[in-house]
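Two complexes, one shared chain (chain A), two partners (chain B, chain C).
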Partner chain A sequence: MSIEIRGVSRNFGEFAALKDVNLLVETGELVALLGPSGSGKTTLLRIIAGLEYPTAGTILFHGEDTIRRDARSRQVGFVFQHYALFRHMTVFENIAFGLRVRPRALRPSKADIEARVMELLKLVQLEGLAQRFPSQLSGGQRQRVALARALAVEPKVLLLDEPFGALDARVRQELRSWLRRLHDELHITSVFVTHDQEEALEVADRVVVMNKGQIEQVGSPEDVYENPANPFVMNFLGSVNLFHARIHDGEAHIGPSSVPVTAAQDASTIGYVRPHELDILRQHNGEPTIEAVIKHIHAVGPTVRIELARRDNGELMEAELTRERFADLALKAGEEVHVKARKLQVFTEDYSI
Partner chain B sequence: MRSEKIEGSTIRPRLATEALPIRILLILVTLIFLGLFLGLPLAAVFTQAFAAGSGPYFAALKDPNTVSAIKLTLLTAAVSVPLNVLFGLAAAWAIAKFEFWGKNLLLTLIDLPFAVSPVIAGMIFVLLLGKFSPLGGWLDAHQIKIIFAVPGIILATTFVTFPFVARELLPVMQAQGVEEEQAALVLGATGWQSFWRVTLPNIKWGLIYGVILCNARAMGEFGAVSVVSGKIMGQTNTLPLQVEAFNDDYNFVGAFAAASLLALLGLVTLVIKSFVEWRTARHEQ
Partner chain C sequence: MAVSLAQPQTRSLPPRRILPGFGLSLGYTLLYLCLLVLIPLSTVFIRAGTLSHTQFWAIIDDPRTVAAFKLTFGASALAALVNAFFGLLVAWTLTRYSFPGRRVIDGLVDLPFALPTAVAGICLSAVYADNGWVGRVLAPHHIHVAYTQAGIFVALVFIGLPFVVRTVQPVLQDLETDVEEAAASLGATRGQIFARILLPTLFPAVLTGFTLAFARALGEYGSVIFISNNIPLRGEIVPKLIMDKLDQFDYAGAAAIAVIMLLASFALLLLINLLQWWSRKRLGMA
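Up next is the complex of A and B:
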């Protein structure tokens, strides 16, 4: 079922949590609402669920206006950030809840409920924990119970609020790819909220970047990462180096070096370069480069991060090299090197981060 | 051998940092104080009640006035406790789960019966509903007796005991927030289903605790009830009032026999209270 958000605004007193938000989530899509805290992403998710009401605008499920329908009748599955499991019920009872509270005419038989719960426990890989209480489960297990409980009522839409927010890094990574696989299996229209760009880029089909109650950019993970619409998106999706650049004849000049860009006008501007787009050279190869001194080397993990200071103005930069490249160069702190940007992003619109 | 000893001896975390003599002194002071002000009077109640043997004791309990007082006390508690459960649930629910104007005022008002002397609480009802007030005059003209009758006693008791349930439920409900109810709602539960299946089981022990305290106070209330009751023997005397009545008559066996019932009630309340506290503590683990 598709979800259409039309001109949704929400004010909390003076504070505008959402400002005229428009978005279409296609049937079967997995969409991430990504943004810093206070960007309105959770409010938007709760409005879709019917747990919150918009000040203006409406929500359409499959083309049908649902704003007048309450949360109870919207048939959405909602996974709360802190799971909100019923603490006095076993895992089994938690998952069966949505089926048990149905009106008598629609309620499945006892045997059917049991079969359905067991099937869901298998799906979330928690067979054998049916009789445990939520307090006896780990964070990752609780998360999966919450998901199974939401799926039990066969929702048309699945909404997840910071689904991995309260988990430690390892479990988080596991659950992420598990959720992706689960979605590929079930194909249920899903929206999840996150402030973690890595999570959004890895799991979602499409990423909606939000800031201050508005949508900054919508696109596939590659799209928003490679072609950010503005400095906010650029900055939010990963670390970035800022350079004062002069644009002249389709080239951005940083110090003596230059990078081709697609800017129309000649101007003084700020260029944004991702750390992995900076290359370090030992020898001057004829091309104009930025001269810099290596300050720190962080060689933990699959890539090596190198902190550099420019010779001309002392500004700091961060470069990211592959392990192989780092080994070839055999760099050490304090050495003088040449830095070159492979790709530089400029935004014509004046924008402050 | 040595390692075994280390393994076997559980090292207790030292809670107190004070020196041993100070600790002993503190414990002694507490025990002596408790013994003097609680243990001794409690023992006295029972020794006095049985001073003339168990015959007069049970005779005193079978006194028609005592029986009537017991019945009235039970009736009062049976009406005011359920009323306060309803009120307490409603108030705690409203305060913990909704945002509304005047919430702080409501919180303060709930505590009012704790702040006001019970005698004054009784006086308020006499002034409000007594014969010489406009409302009381109307009631009198319609032959409805409230003051110096059973309804007045129930009214005063309900007033004095109404903070208990609400006060016990509030922190429990506030701590639990609204997420579980919202989860129930999204899963398709009606408000009624959500209350019975989610809210009530979560606040069960807090509610029981509140009911016990409310009941103990309802049965033991003296001040407010003494003002509104009129103290008609065999009609409007509750157990605490009957104790006073016997005492004024120099019927000490009767007074202490009736008092022993109230003391027993107190002890039973304490036992249930400890049990509930133990359950809640275990539940939270």
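Up next is the complex of A and C:
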């Protein structure tokens, strides 16, 4: 079922949590709402679920206006950051809850409920824990129970509010890829909220970047990462180096070096370069480069991060090299090197970060 | 000796507690309980022990005693039950909604704790007497509260009110709203959310409040003697009966009744505590 958000605004007193938000989530899509805290992403999710109401605008499920329907009748599965399990019920009863509270005419038989719960326990890989209480489970297990509980009522839409936010890094990583596989299996229209760009880029089909109650950019993970619409998106999706640049004849000049850019107008602007777009050279190869001194080398992980200070103005930069490249160069802290930007982004509109 | 030095240290360390002062605090607790509770109460048993078996049974089996026990336990249980229900409602109102004067009402709840109960008894009987503000409305319908058993019930409800409110309030405040939201998104109606989610969570606290209100009502004397007619077999509570025996210098008789009162109260409280322990365990809190 598709979800269409039309002109949704939400004010809390003076504070505008959402300002005229429009978005279409296609059937079967897995969409991430990504943004810093206070960007309105959770409010938007709660409005879709019917747990919160917009000040203006409406929500359409499959083209049908649902704004007057309450949470109970929207057939939405909601997974909370802190699980929100019923702690006086066993895992079995938690998952069966949504089926048991149905009106008698629609309620499945006892045997059907049991079969459905067992099937879901298998899906979330928690067979054998049916009779445990939530307090006897780990955080990751609790969140999987919460997910099974939400899926039990066969929702048309699955909404997840920072589902892995309360878990430790390892479990988060596991559940992330598990959720992706689960979605590929079930194809249920899903929206999840996160402030973790890595999580959004890894799991989602499409990423919606939000800031201050507005959508900054919507696109595939590759799209928003490679072609950010503005400095906010660029900054939020990963670390970035800022350079004061002058644009002249389709080239951005940083100190003595220059990079071709698409911006046409001549202007003084700020150029953004991702750490992996910075190359380090030992020798001057004739091209003008930025001279810098290596401050720190972080050699843990698949890539090597190098902190550098510019010779001319002392500004710090971060470069990311592959292990092979790093080994070829045999860099050491304190060495003087030449830095060159392979790709530089400039944004003509003036944004504050 | 070289031999003993070569022995590896396999002796395990004695268990040690991280928190200091266990011995001191337990000793103090026991001393405190002995001086204030156990020793004074033991004199009741010693005094009752001066009676022979038949004398003891004669006092207990007396219709007046039996009536007093029935009235005291019956009215106390009923009052505590009503308090469990309305106390929950008051606590709910005070925690779930915000309205002007909420703090004032919150403060009013504690008044029965502080007010001398004799004052409460006098006020209640004035209001509920047939010519009082409330009694005047009830009298034409042949409902008489003051100077009847109903009056005793009203007085016991009054003194027990704060217990349920104050035990349920903190639990209600700690309830996470996302649990209710989760239930709603799963299709539960408001009634189902209350019955299946909120009530089971609140039940242990309500039970604690009920127990406290019940225990308090069993021992209540001041307010009841002012609002009851105090007629033997009809409006006499056990504490009043004990006072009567004391007035007639029948110390052994008073002690005999006190012994039964103590044992019955203790048995009931123990039973409720066991129920409490069981329900907490079900909630995964134990």
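One rule holds for everything that comes next: the second predicted complex is superposed on the first by the 353 of 353 C-alpha atoms of A that agree within 3 Å, B and C clash if a C-alpha of one lies under 4 Å from a C-alpha of the other, contacts with A are read in each partner's own complex, and residues count from 1 in each chain.
Just so we're on the same page, contacts are C-beta pairs under 8 Å (C-beta built on N, C-alpha and C of every residue); 3 or more make two chains touch, one makes a residue touch a chain.
Just so it is clear, the model here is predicted, and its values are computed rather than measured.
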Query raised in the report: Given the superposition on chain A, are chain B and chain C in a clash or a fit?
Result: clash
Query raised in the report: Just chain B (first), just chain C (second), both, or neither: which does A:Trp178 touch?
Result: neither
Query raised in the report: Which partner does A:Phe133 reach: the first (chain B), the second (chain C), both, or neither?
Result: second
Query raised in the report: Does the superposition put A:Val153 against chain B (first), chain C (second), both, or neither?
Result: both
Requested in this report: Based on the superposed arrangement, let me know which partner A:Val101 touches: chain B (first), chain C (second), both, or neither?
Outcome: both
Report task. Could you look at A:His88 and tell me whether it touches chain B, chain C, both or neither (first, second, both, neither)? Result -> both
Report task. Check the residue A:Tyr225 against both partner chains and state whether it touches chain B (first), chain C (second), both, or neither. Result -> neither
Requested in this report: Would you tell me the residues on chain A in contact with chain B in one complex that are also in contact with chain C in the other?
Outcome: 49-51, 70-78, 80, 82, 84-88, 97-98, 101-102, 149-150, 152-153
Query - chain A to chain C touching residues, read off their complex - result: 49-51, 70-78, 80, 82, 84-88, 97-98, 101-102, 133-136, 146, 149-150, 152-153
Report task. Mind listing the chain A positions that touch chain B in their complex? Result -> 49-51, 70-78, 80, 82, 84-88, 97-98, 100-102, 149-150, 152-153
Query raised in the report: Can you name the residues of chain B that touch chain A in the complex?
Result: 179-180, 182-190, 193, 197-198, 201-202
Query raised in the report: What does chain C use to touch chain A in their complex?
Result: 176, 178-179, 181-189, 192, 196-197, 200-201, 282-285
